[in-house]
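Just passing along the structure, written as structure tokens.
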Amino acid sequence: MISVGLIGAGRIASVHARHLRGNNFARIVAVADPHAPNAAAIAGEHGARVAASAEEIIADPAIDAVIIASSTDTHCPLMLAAAKAGKRVYCEKPLASTLAEAYSTYVALGAAADAVMVGFNRRFDRNHAAVQADLAAGRLGKVQTVQITSRGPNTIPSLDYLKVSGGLFFDKMIHFFDMVRWLTGEEPVDVVAFGSVIADPVFAEANDIDTGMVTLRMKSGALCQIENTRRAVYGYDDRIEVLGTGGLIESSRITEGSVMRIIDDKILTEGLPKDPMVRMAPSYSASINAFIDFARSALGREAVPGVKDGLQAQIIAAAADRSLREGRIVKCAEILQSAGIAGEDGLA
Amino acid sequence: MISVGLIGAGRIASVHARHLRGNNFARIVAVADPHAPNAAAIAGEHGARVAASAEEIIADPAIDAVIIASSTDTHCPLMLAAAKAGKRVYCEKPLASTLAEAYSTYVALGAAADAVMVGFNRRFDRNHAAVQADLAAGRLGKVQTVQITSRGPNTIPSLDYLKVSGGLFFDKMIHFFDMVRWLTGEEPVDVVAFGSVIADPVFAEANDIDTGMVTLRMKSGALCQIENTRRAVYGYDDRIEVLGTGGLIESSRITEGSVMRIIDDKILTEGLPKDPMVRMAPSYSASINAFIDFARSALGREAVPGVKDGLQAQIIAAAADRSLREGRIVKCAEILQSAGIAGEDGLA
Amino acid sequence: MISVGLIGAGRIASVHARHLRGNNFARIVAVADPHAPNAAAIAGEHGARVAASAEEIIADPAIDAVIIASSTDTHCPLMLAAAKAGKRVYCEKPLASTLAEAYSTYVALGAAADAVMVGFNRRFDRNHAAVQADLAAGRLGKVQTVQITSRGPNTIPSLDYLKVSGGLFFDKMIHFFDMVRWLTGEEPVDVVAFGSVIADPVFAEANDIDTGMVTLRMKSGALCQIENTRRAVYGYDDRIEVLGTGGLIESSRITEGSVMRIIDDKILTEGLPKDPMVRMAPSYSASINAFIDFARSALGREAVPGVKDGLQAQIIAAAADRSLREGRIVKCAEILQSAGIAGEDGLA
Amino acid sequence: MISVGLIGAGRIASVHARHLRGNNFARIVAVADPHAPNAAAIAGEHGARVAASAEEIIADPAIDAVIIASSTDTHCPLMLAAAKAGKRVYCEKPLASTLAEAYSTYVALGAAADAVMVGFNRRFDRNHAAVQADLAAGRLGKVQTVQITSRGPNTIPSLDYLKVSGGLFFDKMIHFFDMVRWLTGEEPVDVVAFGSVIADPVFAEANDIDTGMVTLRMKSGALCQIENTRRAVYGYDDRIEVLGTGGLIESSRITEGSVMRIIDDKILTEGLPKDPMVRMAPSYSASINAFIDFARSALGREAVPGVKDGLQAQIIAAAADRSLREGRIVKCAEILQSAGIAGEDGLA
């Protein structure tokens, strides 16, 4: 039985707590959050204690594994402390608020990085994972193109949320930057990003965009497109389409049910979930289960996706960000160089 | 170049004429119809002459092939005369107004029956034919069940039409009685029919039904259901579904196009054609092309579907009709016996 | 918190126990089964005690609600005792091994019948329920036809199971007999059944069929077809299609996922679940939740579906059974008359 | 009856000739091609005469309309001569081999440009046109994103063809550059293109690419992605997807038929046509019919799509070409300026 300490008690922390409850091999024993009532609520629901601080959780020898679901600026110090303290760590994305901090933490972790799994939950979506498995097994031949489309939900985030979110590239699209690497098994060379505010002026107020398109050329020449919109009136739509020289594979739209009507001149089938959690819950649950499996495994195994994956995704996000700001195609190599990373560890 | 004489100038005759025009190996040379203006219209459109009578067409040595699309009561004498005169004959369904006449014509034709193709156009629908091909090749194993659903169109026929149509079983469902034999490669043993008037009271006025369900048990034990409605508000829907011990095969719904919208909580795709001819035209065209191929072939080949197929379908229609009138399961053997057919020619 | 006693510890009992665990308002407190180790296993898993007998559970004043998931022959006496003892009762289908027993229990229950919910779980399938809701609200106009197709799974039941199952009509198709009533809101007048053994000879050995087709004419003239096969090589397929004068509604196939491939000349999407429980679990879960809601409600509410629904479905099953054995269309009124039920309680 | 002169007798010319045959208001009277046997073949098939030259056709007062389907370098002089001679003109895309020639021809045409329709056949695809109609009517709100995907066929073009094709952007993607303008009703501001050779090295030999991705930012901020591959092993796939603030609309994949099989754990439906003409024929036919309608209309109407549309698409193709060669985002304004077009005629 893995004893889990939960750091953070916000929305995603409560999602993880709920999914942990369905895992027979783990239980939450302590919850820490600067806002104590939130910690108390989750602790109460799951029969855990409220810890005085994240540090208390990390110091507790009875705790085997730590889930870091606190604000982004705390990820790096907590991950470093927890991993050095011998915990298995599940850390929410993104790794850090800045690429510099992400990289220095990666360096500071050294071998301890193996203990840290990064919360790229989409890798655990059964449909997305089937696409990756086909590609990894070479069943589609050489990859020609990848199209990733992720839209929604149908609500507008608050200005307060947007201001601290890190922006579309770091907050959301980082999942898809990770996915292009995971799907193709290679790194991007060139990145170009376009962004607009169309759905709602609040995004402009937050100095963010609501509609982003990023194109990447991978080392092999495979071309990848990512469309990511913060809002789609019709719901939450998260898809992958890969064209290979051997055929096509898609992780297609997921709808709410299987009722079909034919009225007048239209066939009406059920639409997409409005709530992102309806679409994403299975992948969150699977990622938490994978983390518990990892926590139960012998030392020496490397967490996947790991810190290096988180760092690589952040490099691409930084390239997209620079592309958008400077209105030009950006090479990932530039980002590495600016950050003093180039050449090390085979990165990018 | 096959010279074709067209007997009849109604709706289906004009459909056949139009499809003949697309065949490079045939042309209509003469059209006969008791209502001369109709004949003149079709003749004019296709550069043919108006014949004084069906008999004139049959007697014309320059005519190679005859299409009989006149009223049902004329089918038998015309088919007999034309086949005996050495023409290749395409005869619309059903063979005759009565089973007795159909059978006596079949007997009278003797070997000349080989020259007569019956207008079961659905055998030439590419999707339906793919189902049959899989079954004939044994790719689905043993047939467990067959479901045939045919609905529509979304208009109500006139009382005048209904009064002379022969009724749902002989006018429409005869196609599906032919199809169960064609698909399974065997004859039905038991037939039971239910019928109702739900869509419109005009069907009751015509002493007909608008909604029919017929179940058949085939020799092998395979069970077949036919749902046939004269009206479906949403359009023309014509499908087959076969469950075999090796899998399932369907000839699925055909829609009007490939536009898809997602609005609010519904995915809206295009509906079904309202006009039966939009759904059925390709199979009519293919059946006429198959007839011209047959007309161009050396003597000795047997037309498929032929007179015997028309007769067998009519036997099943008679069984369904008796089942509905008498409220009981009817054996095809009973029908054969009543009609003095039993035991002959391996029928049923 | 509703304290539940579970009578029976077989496969469906363990399914119910698992679903109860997900309900925050109920807990299993006792489990009884003639085979003690089965009871102990379920009791152990859910922190309940093993009861000495069903009677002990029924006599326990601390138990609010009883789930009867024991063998069919025990349903009637247990349901009667439990309801008379003031428990809320969830009873598995069918009500009884014989129609006579079902009817006498219904009569003996009197007003206590209101406390008994019958386990027609498909009424709680969200997609099937959407069909029913549209029909009940009149959104499809008058019902013309209903097609219910239920196939699978892809395994063959054991001879031992088949011998005690009650046969296809009473064991499985009883769900669909209930559904035609529920969907159309009316009773059948005429019933005709065909059955065959095609998938495997074990069904003949058990004096059962593996492939059944039943057609029903409802009071309004609406026609209903049920295809029910015990085995479909491709998995578990459970669908409804209703044609009304206002349009069509379907509860369509449910597939295992949303991965799509295009290889060569085929589009390949995911197939159907092989395990019936994958297809049916949500409806079982929803039916148990509905039962707990009912158990928590004030007295005076009538359980739906109730004993009368169970009885009506059993009357139709008896009609189908007689139809198959006697090779004729059977009127439900005949069954009522033979069982001495006719005229009472507005049945059928 | 419109008398049509056909200039060019290659593949696309024969396609147009065939579609003209199905139009009751037009006939081909003359065919000209430098390679006389080709002209003779088409002329023979359609009962037309072989003209000595394109000039002879243009000079013939009995000819009402001219279809220019000759090599790209001849488009401009022929279009100019024919329009000035008072003919209605259908000219294949692209307008010219160079943007300079396209622009000077546009200027030289002046008001005569109204007589020239450009062969952007996809505007006449019924499904694509339904998307445009929804957008033009504002039914989708503001456009957020447009995704155009066009892939295939499954064959590799010859090196000889590729060398004279003008390259992916001018030969194929020009259709989609036209479509983004047509769909959004606005011009692009920024264009960025990525291209790779992945499917076959012959494309590198021809100094072309087989896989292209172009992203465009429109004036309103709407973002458009175009994926265009010269080869897709699975067939010819041509789709549009538009996300608006009011919903989503797609012109979805078109498959070869409606046969569906469920075998083992897969649902197999029919794939995509391998022959581009199977996919595209209806839009070619509709575009020719639209041209004949235009030719029959009174003077003063402007052909749509017209020369200006052809020019605008060519400007975007030039921007994409420069983007790919120079590895940077290109503004359409730059292209206008280089070509001495900027500011004139409201272009771009």
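By written order: A, B, C and D. Residues from 1 in each chain.
By definition in this document, a residue touches a chain if its C-beta (ideal position, glycine included) is under 8 Å from a C-beta of that chain, and two chains touch if they have at least 3 such contacts.
The structure presented is a predicted model; accordingly, all values stated were derived computationally and were not measured.
Show me the overlap between the contact partners of chain A and those of chain C.
Per touch definition, common to chain A and chain C: B, D.
From the C-alpha centres, identify the chain that is farthest from chain A.
Relative to chain A, the chain whose C-alpha centre sits farthest away is B.
Hey, which pair has more contacts between C-betas, A-B or B-C?
Taking the two pairs in turn, the one with more contacts turns out to be B-C.
When the centre of a chain is set as the mean of its C-alpha atoms, what distance in Å lies between chain A and chain B?
59
Report the inter-chain centroid distance for chain B and chain C in whole angstrom, where each centroid is the mean of the CA atoms.
From the centre of chain B to the centre of chain C is 41 Å.
By the touch rule stated above, which residues of chain B touch at least two different other chains?
Those would be 234, 246-248, 262-264, 269.
Which stretch or stretches of chain A touch chain B in the complex?
Contacts found on chain A: 234-235, 255-256, 262-272, 274.
Across the complex, what residues on chain D touch chain B?
126-127, 130-131, 134, 246-254, 257-264, 269
Can you tell me which positions in chain A touch chain D when the two form their complex?
On the chain A side, the touching residues are 141-145, 147, 149, 151, 190, 192, 194-199, 210-213, 215, 217, 220-223, 225, 227, 229, 232-234, 237, 243, 245-248, 327-329.
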